């Protein structure tokens, strides 16, 4: 299997994992099957769609419908699993989201890099690919967006994408593995020990 | 009147109906005239704008400002009518939304089809054109998005657009009429009998 | 200093002011440093990004990363200032937003005009550039969008952009100064005297 094929499958894995995370949130919000379709799809392809629009490249799923089948398959499997289990730990949702973030950060940066954009834009695009799907998911489901709740969300992607960009000139494959692993591990650590970056003192707001 | 002219007017009708639905929601939320302008416009042109961006086609209202006048006229008429009536049935909002969904599903699929995209992408684009304007409307007005509330919302569009795509090779006009009618009737039935697709058992979530 | 350079700096000022407004809202919502990064960035570049996507022009910050440094610098300065002051008046947030709206209305209209679009589209693009960043900020932070709360928000931009478009054929510089000042003054007056445009009678909604 050559590298391009490997990357293609990693990309599909990221899409599948985010579709699972959308389905899990729909379950937690007691939505029915129709809400699941919308939430799974928007979560899975929202980040990459925003990236492709901003870079003025063809939107990835328009010319390769295989991605849409991946979303459908991932959502369906999750529904069947949830019918059997009938509950989810909040941790499961966070974990699915973290794995998706790891995959999408490196794949977003890789796509920008292969199109010849500067390292800074590659880092931003990795972050955007990883963060926007989940952000749309949370806004639609009227949850507090994870990306704003601390726990190093967007910052994790910035770090992971930077690692990718630094290693990429030497080996794409190593850059993807190390960048993705860095993102995933920092994100898991942030969830486990609730890392946050306090920049403001505690305050009470009486000025609405 | 040739087909292109007919389609142009159907498109304007869809825009007008969605502008009405945005205005009705602004009324129900006690917004003032400025909120109405924003909500009517976003609802009416949000879906088609998203479609054109993703297909990398010129955004429809940028090169034909007539659409913006249609939005203004529809919103103004609705305001005058509401000043006279002073109340709306919740049903009226749902009905306006359903008619708009019917028009936009077929017109979105038609536009993708005329640009030469595959049947699957035509179906997705019909659904997106019909669903995104209302989704933006609900997110901005901080309502639960209709598209996630069950009652077959996005699925109706998927079905209607599929009907359109199946008939279109034989006759565009018949495809538009039958596809649009199918969408509208399923949507009305779903509202009337509150169809939903239960995929999860009832559950209580103690894992926040 | 030639005009192009002046406009470039005005554009950066607008970006900086909106980054400040995003940071202030993050402070009021008790977010940590990671939420600040996301909210400041989305507020500052969201409007211009939407404009560039719809006009099918290269997105402004992709080819000039200086804008991203401006966002970072503005957000960092605001954080340091808030650590020292430890409170904000609600007025400060409204004022920062108003100044950003003034800058972005004229710069959005100018960019559309220089690309040769019709006066109506220039007016819409000025309004969109000014309104969309703040709209995304409020949606993400789960606030009622300012743009829907009356006080002449979007309408102010429509008026300011129209003034710009009317004067621009004679002098770009005068058009920018007068258009920007008009927008800012109307917006400040609207906040000070709570202007609203009542188009509906008071009503109570029993039809949910």
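Per-chain numbering from 1; labels A, B and C assigned in written order.
Following the convention adopted for this analysis, a contact is a pair of C-beta atoms (placed from the backbone, for glycine too) under 8 Å apart; a residue touches a chain by one contact, two chains touch by 3 or more.
In this text the structure is predicted, and so the values were computed from the model without any measurement.
S.K.: Once subunit A is fitted to subunit C on CA atoms, what angle does the rotation have, in steps of 5 degrees?
M.R.: That rotation is 120 degrees, given to the nearest 5.
S.K.: Count the residue numbers both subunit A and subunit B use at their shared interface, divide by all numbers used there, and answer same if that is over half, different if under half.
M.R.: Different: when the shared numbers are divided by all numbers used, the fraction is under half.
S.K.: Taking the mean of the C-alpha atoms as each chain's centre, how many Å separate subunit A from subunit B?
M.R.: 28
S.K.: Where in subunit C do residues touch two or more of the other chains?
M.R.: Residue numbers touching two or more other chains: 53, 139, 142.
S.K.: Which part of subunit A faces subunit B closely enough to touch in the complex?
M.R.: 26-28, 30-39, 49, 53, 56, 58-59, 62, 65, 68, 79, 82-83, 86-90, 139-142
S.K.: Provide the residue numbers of subunit A that touch subunit C in the complex, in ascending order.
M.R.: 53-56, 117-118, 120-121, 124, 131, 135, 139, 142, 144-145, 147-155, 196-201, 203, 205, 207-208
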